[in-house]
Amino acid sequence: MNFRWDIIFEYAPFLLKGTMLTIGLSVSSILIGTFLGLLIGLGKIMRNKVLAFPFYCYVTVFRGTPLLVQIFLIHFGIVPFFTGKTNAITAGVIALSLNAAAYIAEIFRAGIQSIDKGQMEGARSLGMTHTQTMIHVVLPQAFKRMIPPLGNEFIVLLKDSSLLCVIAAPELMYWGKAMGGQYFKVWEPYLACAFIYLFLTLILSFVLNRLESRLKTE
Amino acid sequence: MIKVENLKKSFGDNEVLKNINAIVAPQEVVVVIGPSGSGKSTFLRCINQLETITGGHIFIEGLDTTDKKVNINKVRTEVGMVFQHFNLFPHKTVIDNIMLAPLKVRKVSKEQASQRGMELLKKVGLAEKANAYPDSLSGGQKQRVAIARALAMEPKIMLFDEPTSALDPEMVGEVLEVMKQLAKEGMTMVVVTHEMGFAKEVGDRVIFMDEGFIIEENIPSEIFDNPQQERTKAFLSKVL
Amino acid sequence: KEKEVTTTSEKEESNGKTLRIVTDAAYAPFEYLEGDKVVGFDVDFINAVAKEAGYKVKVEHVGWDPIFVEIESKRADIGISAITVNDERKQSYDFSVPYFLSTNKILVPEKSDIKSGKELKGKVIAVQTATTGQEAVESLLGKNHKDIKKFENNNLAIQELLQGGAEAVVADNTVVEEYVKNNPDQKLKVVEDSSSFDQEFYGLMFPKGSELKADFDKAVNAIYENGKYAEIYKEWFGTEPDVETLKAQQ
Amino acid sequence: MNFRWDIIFEYAPFLLKGTMLTIGLSVSSILIGTFLGLLIGLGKIMRNKVLAFPFYCYVTVFRGTPLLVQIFLIHFGIVPFFTGKTNAITAGVIALSLNAAAYIAEIFRAGIQSIDKGQMEGARSLGMTHTQTMIHVVLPQAFKRMIPPLGNEFIVLLKDSSLLCVIAAPELMYWGKAMGGQYFKVWEPYLACAFIYLFLTLILSFVLNRLESRLKTE
Amino acid sequence: MIKVENLKKSFGDNEVLKNINAIVAPQEVVVVIGPSGSGKSTFLRCINQLETITGGHIFIEGLDTTDKKVNINKVRTEVGMVFQHFNLFPHKTVIDNIMLAPLKVRKVSKEQASQRGMELLKKVGLAEKANAYPDSLSGGQKQRVAIARALAMEPKIMLFDEPTSALDPEMVGEVLEVMKQLAKEGMTMVVVTHEMGFAKEVGDRVIFMDEGFIIEENIPSEIFDNPQQERTKAFLSKVL
């Protein structure tokens, strides 16, 4: 098999552009997804089962259906409904955020429930409200424990962003496919993309490990 | 100060407190003893409304805390509580542990909270640990910080739930010392403990509980030297 | 911000509005991305037809599935993506008169003894989903026959052939010829058999009831007549088009 | 939008067949992946860092690259290398198993490390070997804690099996795409598939919850 | 029976045991006391090879356990250990906890293991709990099961690391009772404990450790009533 390095070099600027968009999409989705995930996770642990039910459904549906379908629904249904036209990047960020939010909600729920009940009681006995306790006592500690699973989720999200090529969001995989389409090649684009994804996830892991050990010693 | 009337508390089918009546006078130190599972902790937690009671009333300074209209967070600021496992906030330094509630609940200024916090740390002999994290402290030090933290809210009453039972024998003394000091200063206290020495020395009154009832209550010397009930005798013979 | 991948026809005698043309630029040489530009036979063709019909157009790469959503919801005006016309699809969309006669050819390993379409029976065949190649093979073996493997693109279908998972690939002649030309070292050959395969045609796809269809049908015929079609065809495929068959199909 | 129920009915037998294969692929991959994951997880926690390194790399690479690329490599590279020809189902099971193994290895590692050190010491002090202790003391307890994260992983794997349509493994999504390709319809196939996936994941969740609560009360 | 020679143990830079020499004679009960962090647990864990020692030798019945050729699992079957936190296997019933090691290590038959297990449970007064799970037992019961489990391997020596310090005061007695019984039967024992009563009553010898050294060792009456070292005095004044 002759590996066509030349076409990889030819496409390098596009792959770079795609990588930038992949990073941009992932980072914004992570931020939004974490925020939504926190709200949904808090919603799911409400004592009032009726109020918690919609959050429960949200998590079930988003975790139970393929991301691909969610991307289509949002790209062709939700976004045009509000703005009148499709926009792959907007839809991509929304789809990834909403999907990640479901997983992150579970991470938050587990993190919060892993904090010893004594912490809540200690703070409540000082006269702090439930909300104050959550904000100042439970969440800061839960957050520390959530870093490893959140890190995993971020890596998953980074890779999942490759699915956005189906709606032609010009991220990394999109350019990989364009390269394959032009030259009838399979290995060159996919291996190139795989290495870039691996590189990105390694950097992310490294950053997360640093963060984790810094928080640990704190 | 505290008046408990016909207090009942069940967990599901399990009735843990069965009609408790008790009064704690201002500046009084009441020691609660009894076998494991007799409901001592639950009793304290009910006073502080950490458990929703199933029946009866609890009055704190004349205020019925079971009344829906009473702000329970307000009540809790008047009632400090110290737990067996300290429940310090591990992500905050000692001084931040102490300052948190005054800042957030009493809304005092940072300077004021910090000044008062340092005073309290001095009082419990830990001024030099202000910026340490709880995990670097010994058990006895942790418990003293927990006491200082509760005192920072300037409560009228302090509840202690086996404050020394998670401690190494060497550290028990230092915590009891702080508690004795508090009692001397006139703090109203309810203390669940297995430390009979403390009960004898500091307690104004001892309550013996078993199976959700108050079996006997009296001044310490009477309870220890002249218990009236069989169950009290049996219990004391084991722990003394 | 999204940078749109477009090509706009230059002269605008039109009624103002630019038509939105959607495609899946992953089917060389009909439409593919050269860097960030959509190029290919279909692109040149639609530009010529639009010019003839007096419309301004903008070709946008949206991906395969999205084409149908865009057209069905009428957010796009025309789909062009080497789309094969068949009766099932006509239930949902309108199609222009055929603009391309697809000749399917069989790609096999050099050592293969397959010499005609008939001999594909009983063999495992790889195709690209929703192409004339799939139509052709299904008309031979039957719809969703177990020996037909449908891939997302011809690249993967050919890869399957190379790795021994299929004994033949059926696809547009241009696709297979282009592949063999690009990859001489792969030891593949092309088998021609126009007799076994039904003729398959490409059409422009419109939303059901689109008013554009009439204009574009006329314009297609016009460029058949004035030689523009043959010019584009030769530029891309190097041979003369069979305009007569296309016209006969109308 | 007119929703074409008729084409869903027409494709119902194919979707059913696809669903069966999806289930088959997922179940076998889960079983193999769990087994491999256990070995890799144990490998990763070996005290000898040199021996643990390959396991570490395995997990990093499989978690750091898109599953799609792994599927291609295994389908077009590994399987033909050994058997001389491609086989989508074999490749599918291998790719899903190897991918899941990386995630499951991490779950095992975390599960094992969450077991109190006292358990290991208690057993070792009785003269049991490290291996005996692992088998009879640590793993049974770790396994109980691993059920929730394993359950999540199974759900992820079930949905990930939809990626096998790219190598023409005739699972659920493959038939969904075939339906879409025949009629040029997007919503009908994807929504039908989404509902089937949701249904499968709900059943799986239910089974896992039952299992979890049964193990809890035991 | 046990001979410890120049034992040294460091965790990284932290030298926890600094040249320990000790002998435990057959049937002797040695009690180890000392402040928290002085290295008592580490000392016991070294005897049992739960920690790899950094220097010196430990002989058990004349066998140098630090010798690479010695099968450490074999050695451990001769040395039973009981931990502060019981370390029972929560996924196994009481009887299965006891039978596991005999079945897997000694390879005895199921009947034999079960019969011996029941005998031991009777001995610690828990025969009726054979099929209960550890979580349903009280602390004292758990610790008695842990002792039975260690005894099931028929060890020649038993090591106890603060066996009662995680227990409620009421339950301490029942565990000490079992240990006294063992001592009476002639078991060689090394016991780290804060229960000075036990030390006085059962101990043949008391070792006082501090900061990784053995500071003083003597018969209990001498240590408690007439300590020679300042540090011993200071420590005893706190815990008695």
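Think of it as A, B, C, D and E in the order they're written, each chain with its own count starting at 1.
Definition applied: a residue touches a chain if its C-beta (ideal position, glycine included) is under 8 Å from a C-beta of that chain, and two chains touch if they have at least 3 such contacts.
Quick caveat: nothing in here was measured; it's all calculated off a predicted structure.
Touching both subunit A and subunit E: give me those chains, sorted by label.
Touches both subunit A and subunit E: B, D.
I need the common contact partners of subunit C and subunit E, sorted by label.
D
On a CA-centroid basis, which chain has its centre farthest from subunit E's?
It is C whose centre lies farthest from that of subunit E.
From the C-alpha centres, identify the chain that is farthest from subunit D.
With centres defined by C-alpha atoms, farthest from subunit D sits B.
What whole-number Å value describes the gap between the mean CA coordinates of subunit B and subunit D?
Result: the chain centres lie 51 Å from each other.
For subunit A and subunit B, what's the span in angstrom between their mean Cα positions?
Spacing between the chain centres: roughly 46 Å.
Where the CA atoms of subunit B average out and where those of subunit C average out, how many Å apart are those spots?
81
So, what's the distance in Å between the C-alpha centres of subunit D and subunit A?
The answer is 20 Å.
Quick one: which residues in subunit C touch 2 or more of the other chains?
Each of 65-66, 69, 73, 156, 159 in subunit C touches at least two other chains.
Which positions in subunit A are in touch with at least two other chains?
72, 76, 186
Indicate the residues of subunit E shared as contacts by at least two other chains.
none
Of all possible chain pairs, which ones touch?
A-B, A-C, A-D, B-E, C-D, D-E
Could you list, by residue number, the parts of subunit A that touch subunit C in their complex?
Per the touch definition, subunit A meets subunit C at residues 2, 11, 14, 72, 75-76, 80, 85-89, 165-170, 177-178, 180-186.
Show me the residue ranges of subunit E that touch subunit D in the complex, using the header's touch definition.
Residues 48, 50, 73-74, 76-77, 79-81, 83, 85-91, 100-101, 104-105, 146, 149-150, 153.
Sort out for me which residues of subunit A touch subunit B in the complex.
Those in contact with subunit B are residues 116, 118-119, 121-129, 132, 136-137, 140-141, 144, 218.
Would you pull the subunit B residues touching subunit E in the complex into a rising list?
Of all residues in subunit B, those touching subunit E are 35-36, 138, 165, 168-171, 173, 194, 235, 238-239.
Of all residues in subunit A, which touch subunit D in the complex?
Listed in rising order, the residues of subunit A that touch subunit D are 60-61, 63-69, 72, 76, 106, 110, 148, 152, 155, 159, 162, 173, 186, 190-191, 193-194, 197-198, 201-202, 205.
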